[in-house]
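Here's the structure, in structure tokens; my notes come after.
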Amino acid sequence: MAWLDSHLLTSILLCPVIGLALTALIPASRTGAIKLSAAIVSGISCALSILLWQRFDPSTSRLQFTERMEWLPDLGITYIVGIDGLSLPMVLLTGIVFFTGVLTMWELENRVKEYFAFTMALVAGVFGVFISQDLFFLFLFYELAVLPMYLLIAIWGSTRREYAAMKLTLFLLAGSALLFPALIGLSHYSGLNTFDLTLLSDANTDWGGMGIIIFLFLYLGFGVLAGIFPFHTWSPVGHVAAPTAVSMLHAGVLMKLGSYGVLRVGMQVMPEEMVRWAPLIAALAVCNILYGAFVALGQTDLKYVIGYSSVSHMGVVMLGLATMSAAGISGAVFQMFAHGIMTALFFSSIGHIYDHTHTREISRLGGLFTTMPRASTVFIIAGMAGIGVPCLASFWAELLVFIAAVKKWPLAGALAIFGLVVSALFVLRVVQRSFFGPERDDWKDMPDMGNFMATPRVILAAVLLLFGFAPFLMLDQLAASVDALVQVLEASP
Amino acid sequence: MAETLGSYLLLSSALFAVGLFGVLLRRNLVAMLIGVELMLNAVIINLVAFARFAGADPGNGQVFALFVIGVAAAEAAVGLSIILTVFKARGAISVDRLEELSG
Amino acid sequence: MSLSQWGLLTIGAPLVTFVLFLLGVGRRPTLTVALSLTTAALACAGTWAMAITLPEAGYQATTPWAATADFSIHLGIRLTGLSTAMGLVVGTIHLLVQLYSLGYMATDPAQARYFAVLSLFASAMLSVVYAADLIQTFIAWELVGLSSYLLIGFWNFKPSAAQAAKKAFIMTRFGDLGLFLGLALLMLNMPVEAGGARNLLIALILEAVANNDLAGNLFGYDQHTVIGLLLLCGIVGKSAQFPLHSWLPDAMEGPTPVSALLHSATMVAAGVYLFALLQPLFLASSITSTVALGIASFTAVMAAGVAMVNPDMKRVLAWSSISQLSFMLMGLAAGSEVAGFFHLVTHAGFKCLLFLSAGIFIHLAHSGDLTEIGRKVGSRSRAASLGLLVGAASLAGVPAMAGFMSKEVILAQLHQPGYEGFYWLALLGSAMTAYYATRMAAVILRSDSAAVSHHRDTEQTKQEVDHDSNHQGGLADSIMAMTVVGLALVTLGLGWLGPQLAGHLGLDAELVAIDWDSMGVGLAVTALLAGGGLAWYDYGRTGAYREGFLSGLPAIEAMLKDGWHMDRCWRWVSDKIIAGLTLSALFIDRRAIDRSIDGVADGARSGGVLAASLQSGRLQWYLSLTLAVLAVALILLEWK
Amino acid sequence: MPELSPETLLNAALGLLIVMTLAGAVLAVTLRKVFHNLLGFGLSVIGGAGVTLILGSEFVALMQLLIFLGGIAIAMVFAVMMSTPNEQAEEPRSAGAVIPAILLGLGFTALICWAMLDGNFPQSSPYVAEAWSVKNIGLLLLTDYELPFEAISILLLAAIIGSVLIARRTREPEPSEEADRG
Amino acid sequence: MSGIYLRFLPELGLLGLALVLFFIAVGPGQEADEREPADSRRKRLIRAAIAGDRVALVGGGVVLILAILAVRQAGPLFFGAYRVALFSQVIKIILAAGLFFNIWLAQEAQSLAPRERPELMLFLSLSTLGMMMLVSADELISFYVALEIAAYSLYILVPLTRGHGDHNEAAFKYFLYGAATSAVALFGMSILFGLAGSSSIPQIATALSANPSTLAVTALLLTLGGVFFKLAVFPFHFWAPDVYQTTSHSVAAFIAGTSKVGAVAALLRLLLMGLSLDQLYWLLGALALLSMSYGNLAALAQRDFKRLLAYSGVAQGGYILLGLAALDSAAYAAASYYAIAYLALMLLCFLVVIELGRTRHGVRADGSTDNSLPIDALGGLYSRSPWLALALMIGLLGLAGVPPTAGFSGKWFLFKAILDQGGFWWVLIAGINNTIAVYYYLVVLKAAYVTPAADGATAIETSLWPRALTLSVGLGVVVLGIAPQIIMPTLQAAVSAMIGS
């Protein structure tokens, strides 16, 4: 166990890699074995992330479980992994969504081997980003997470999948085209030729003129993945086209990479630039919230509604970050976690509906509550979380963010709270049109979720309820790191 | 004509220009080859002129010129055989027949 | 059992039923029903125990639930006279309705879900009542909204029920918007205690208001006014006051016990309770109190008007609840703490009685329409008629009945200088209340003698009744009858509980006493006689035309029937503004952003075609291009 | 008649040779029949060799004459005879193609020439007959430049084998090309 | 004495291999004999060809081992005309490896008649020999001759493709374009010779740094033209698309891979001369950005896979040139690391091209050979042959700069080096170019992985050779990407030694 203790993070990262190797070795014909191995690997990684959560010491804000290995000293690259309060929830989120994602795709039949291989690569990338503390490795895993997404959507997707896959990948890579100069610029203009995040952020260098440009590139680069207002159009299209588990992973976890990037690299390393750009970020975030909600209101496809609702909820995250206050940032991180779980639940329930009815047109679906009570209850729980109903995790997150927002910019806070009403409108409109109402005869004989297929959904709902009933579980873990970050932000001019 | 470095450089540049002009304009492949040979001649004159007037080691210049002549010979050999295959494939050795690969 | 254990039991027990239902107990309905009944009984016992063993100085036990550096949120219970009294009302009525529902929902296939959500509602409502931190109130407030959504939309296969549920949730959410903003501003402007983390403990708020720490201005206005008005929005939304009231009549789509419990006695009263809880804050700014009074008085009259002409029994009761709630608000806004609250207690009693008896009537008559019930059932059902009589009497304000006692206190409170306008409006309201109360009683009980009026049954009440009517009588009927009779007896006595209630709230009994020979009482009785007599004239006496005096003024009658066209303006708002915003957002999304981004991609592709065309195939073109680029490089070299 | 001193004679000869080279080059490029081009090319090579001779390097001049005239020109004649059966003249390029080519060719070289003319080359060292002798070249070829000497032999070997290979395909088609594709 | 032989070991090995191949080529098995029936002659020719392939493979392996042995050698040779240093030895190892893998690819190449296969091996090794000498030539004349050896063997290989067709047209264009560019380069070299008074590169370097003038930069630019031609950088790239598309797949593989590495090494050595000319920094940077953007944009419009690879080669050449333009040792090390990665990735791509080439009957109706490979021919590769699909995926993702391949780390080091020399905006433009590049790489990947196999497309059974190659090179690329410290320190040491001396 001692080895596990000192190498916990690398073993979490290696889980999907081993999964990839296993999937490669098992012959393509034995799909059962492949699915089983994927389930075991994802189960272990989820268990390890829970172990990480339990072993995490919330009292200090310094990095924990750190592992360090010199990689390319004179190019300033060292393999450093470590987590603090900000990245801990993200690792847990990835573990949970990964495990439930694998279970949700249990009924996949075509090209199973390649599917799980690409998913393993994707998750390895995501784990890597959340635990690595070196810009080189952070960017390496960031890019690694983007490319399998293309194949996953293009091969197993649904409506307009190739267009959607290409658009999504090019958008994210355009974002990373901005990140290349920004990340390298960080190490160059900071004078100390290293990519180590802790060194860069402790050095609090005076960035001078280039600081503005570098921060803008960082914010836009990472923001594209976080779905900020003008660059968000790829995410609903991507979600709709992606198969269920992929859109769970994508909306649930991948979009958090963007906001995590802004938080970890943007705010920690360049606090004074963050202070300078905070109003713009807040304004765009409010646009995100309202714009996403209103467009979701006008959608006819179930998955599009959820896609745009993700855009709206990511706006809440960015607003939380923009307030730069303890409540705002902890609310933002909590929202990243809660929204991840909620969207995963949303997509997994829609996945079940789509697999059987083969349509997602809200008008054609009707009375599903009577035909599939379980799938509908799961959707309604996710919907309620989306609206921010108490006793579900996202209520607390949105409460903290909105109070912090009202404190910093009362108008932005008020508009964001108004967004809540609009999100209530579009969720309930969908629930009323597709789930309530008389039972349609063409869906009369649709089977409801079996016990096995219900387990991932129940896990996700349980997590939502757990963190809804006991927010202190999350907030105490975050407290120390958030306070440290807030001090840094307040210290800068 | 004063026997100075300048005049020789002028000569070699002029010869180079005419060679270049030949390569750019002539339709017949062999004529293009002749253009290239002229350019190489210009280089030879240039080299020997530098050896003579620009304080370069004369031996070095002359050897350089010799090797240029050698390479010119090799070039002509390979060039002509390729021209023959083009003739067999396309029936004529004019550059207008070599315009099918594009885009 | 210590007080905090009681508190935890009261709020926790019903919640346990709901959580167990979610985790799969729902598959065995009888177990769920039994569980929900026992937890309801436990909760009711808890409320009684807490009310009785309340120490003099009140009791508060909280634990910090979500703490960040800026502010922290506490969950716990705060027992004061007000909260225990309200808890008592909620606990008892909830137990009664659960019993009543045993009969009412006996044959419904989704019975388990009904009882589970009802328990969720109970736990949420009790949590609103006993909350120690305003954020906890807000949380419970939202949960109450959620359970009302699930209960109104219980028969979700009915499109009208689904629509009503959505409308209720959205409208209350509009109100909650203001409430949330008000809470946030209140939180941010609370005096910072030592730890630097602000919180919204009610005790601290009241103390801050008392020693005027909240003074100062916010966006140019006095802080009390801004926060007060914002909190008022929440109250207007939840207690269905003027702008946000049209969801309550539609909420009648839900089963009748739900209407009885939620949409008359407890849920809609939450707004009034919040007002009573934070009364010092509201009264601290005169603007807020006058605005509250204005809205309340206008709603009272408006709602009473609609109730006078509405053909459907449950709709009449719904509109009457709206107007009675306005009376309570008027009482509280006029400054007296006990007036509004006493009326709340009595109203809970007689309105719940009226709803339960309505349930029996509709069960028997298979229709919600008043004349239909009158014709088919009339006074055949003993219990229902008794309930109707006692309820209608106290609603109308017959002296010595519960309604009259509490309403009189409010009228007395309004009878001070400065509130003359509101006083007369209140009087007009009580007259109209008397009118529709007697009209309802008369149409049902005196139906056989009067000429048969033209009869029109509305479509959706027809469908609802089909569902209600497939009961097999016997045990279910007797349970329902027993609860109605019990509640009738309790309501009779309620009027006289005023002094004990005032004592419980820590105020002297004088405030509640009525000096019978004062001019106010006289005026109230005249209003009663006027309204009641007119109604008797229109409906009660033999040979009445059953038309209502308003049929003489068809324009007004149509407007009243349509609920002052409020539904039409809300639909206009949603069609024009919200749909317009959505379309423009869609336009931006599809045309502007998507088109421009695809344009960039096509631009790159056409750039590619252009670049590829450079490869023309002509060898000499290649050479000249190469030399040209070299020449340009050389020129640049020379020039640089 | 200016007196016939050695310098004037030398200058006159140089002038003549320069004119011969350039005229030959222009003929090699402009005449429409390839054979005439070849003749022009020969003339230009002779002129070039003469200039090299005046510059003092007999061996290089000799090699120029030998290889360019003897080797390359003759090979070209053979190539032309084998490839253009009826000797038709090549029609001239349209004016639209000629002018840009001239502009580009002259412009490019003028740029280099202008740069060369005002470039500062090192001081010219006095003429030492011994350095220009063939003996010195032979000595250098086997000492300082022994590597290129060996390398050029590899190059020429490759060129010969290659041209023979390519040319062989034009005469005798591969025996069973299609069959082998199987 | 033995030191000298050791120092010249790789070249000697190659010469030996060339000699052996020469004798196989002109050996007894070849001469036409009337009496012998056609198909038995054909069988004998095929057997001879396969024997030649195996000998070449073994020879390539031996040369690779010799190059590895000679890695520690250093010092001048041939009276100072030849300098052997750590950098040149490392590049020789890579060239030997490139040759070895190219011969491995060309085993039983279908696009050459069996009669000419030994010649293919012969000229491939001669071209590698030329490049090896190019790398350590310390003197303009031997540099030029070595350059021409490498170039002429390729001019000869291009027309050797089976049958007649548009590869002859491409051959002449390739030849004449090369001849003209080398003439211009010679003119530049003659000026350099004039300026420095001697043809030895170190002396030219000192002369140029003594009085840097625009003439010096002009002359150097013209000289570099010769090498740019070989690297196919923007203004000198016109030959590449036609040659890649029409010539036989094995030759195209060699031109795209190994000869580019040689070109990069040659460019590095030439730039040593111009280290002090800061105008050169701007010139090379502009050329690099132009060729990057042109290559990427033109590749967008391509329908033929090999033509697409040609344009992507132009773009990748642009990235490397951008690194070289930074004129400092870190950039040079990054550029050579990127060149190595590029070589490996090109091998993977051309492995797929060659294996697919075996199943395509490349003859048009009019009998002319058609060596092109449209992208749709890759359709459904995942089902027809998972191994080739895997190779293609690693190759394309590497070229697109996607982790964990060496392409990503290469780009990262390159951009870091450029940015350290102040090229922030250049890195941005390169980043945007990379995004455009990802599009057309994904178009190919889509054909291979997403579109199902066209009906009638048979499964491609790959023998042991290509699978072993996919595994070894593919794994190499991924390991190099994840753990670049395997070769990066040696490269840095080599380059700083070269620049220091």
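Letters A, B, C, D and E name the chains as they come in the text, with residue numbers starting at 1 for each one.
The rule we apply is simple: a contact is a pair of C-beta atoms (placed from the backbone, for glycine too) under 8 Å apart; a residue touches a chain by one contact, two chains touch by 3 or more.
None of the values given here were measured: they were computed from a predicted structure.
Taking the definition of touch as given, a chain qualifies here only if it contacts chain C and chain D alike; those chains are B, E. Highest C-beta contact pair count among chain pairs: B-D. With centres taken as mean CA coordinates, the chain nearest to the overall protein centre is A. At the far end from chain C, in terms of centres built from Cα atoms, lies D. Inter-chain centre distance (chain A to chain D, centres taken as mean C-alpha positions): 70 Å. Measuring from the averaged C-alpha position of chain C to that of chain E gives a distance of 78 Å. Per-chain Cα centroids separate chain B from chain C by 97 Å. The centroid of the Cα atoms in chain A and the matching centroid in chain C are 37 Å apart.
Multi-chain contact residues, meaning those touching two or more other chains, occur in chain D at positions 101, 104-105, 108, 111-112, 115-116, 121-122, 144-145, 148, 152, 155, 158-159, 162-163, 166.
Touching two or more other chains at once are residues 141, 145, 148, 152, 155-156, 159, 172-173, 176, 180, 184, 187, 191, 194-195, 197, 214, 218, 222, 241-242, 301-302, 439 of chain E. In chain C, the residues touching two or more other chains are 612, 615, 617, 619-620, 623-624, 627, 630, 634, 638. Every pair of chains meeting the touch criterion is listed here: A-C, A-E, B-C, B-D, B-E, C-D, C-E, D-E. Every residue of chain E that touches chain C in the complex is listed here, in rising order: 172-173, 176-177, 180-181, 184, 214, 217-218, 221-222, 225, 234-236, 238-239, 241-242, 279, 282-283, 286-287, 290, 294, 297-302, 436, 439. Against chain D, the residues of chain B that register as touching in their complex are 1-3, 5-11, 13-22, 24-28, 30-31, 33-35, 37-38, 41, 44-45, 48-63, 65-67, 69-78, 80-85, 87-88, 92-94.
Put simply, chain C touches chain A in their complex at residues 64-71, 73, 135, 138-140, 142-143, 146, 149, 153, 156-159, 161-163, 165-166, 169-170, 173-174, 177, 180-181, 184-185, 187-188, 219, 578, 581-583, 585-586, 588-589, 593-594, 597, 601.
Within the complex formed with chain E, the residues of chain D that make contact are 111-112, 115-116, 118-122, 143-148, 151-152, 154-155, 158-159, 161-163, 165-166, 172, 174-177, 179-181.
Across the complex, chain C meets chain B through its residues 612-613, 615-620, 623-624, 627.
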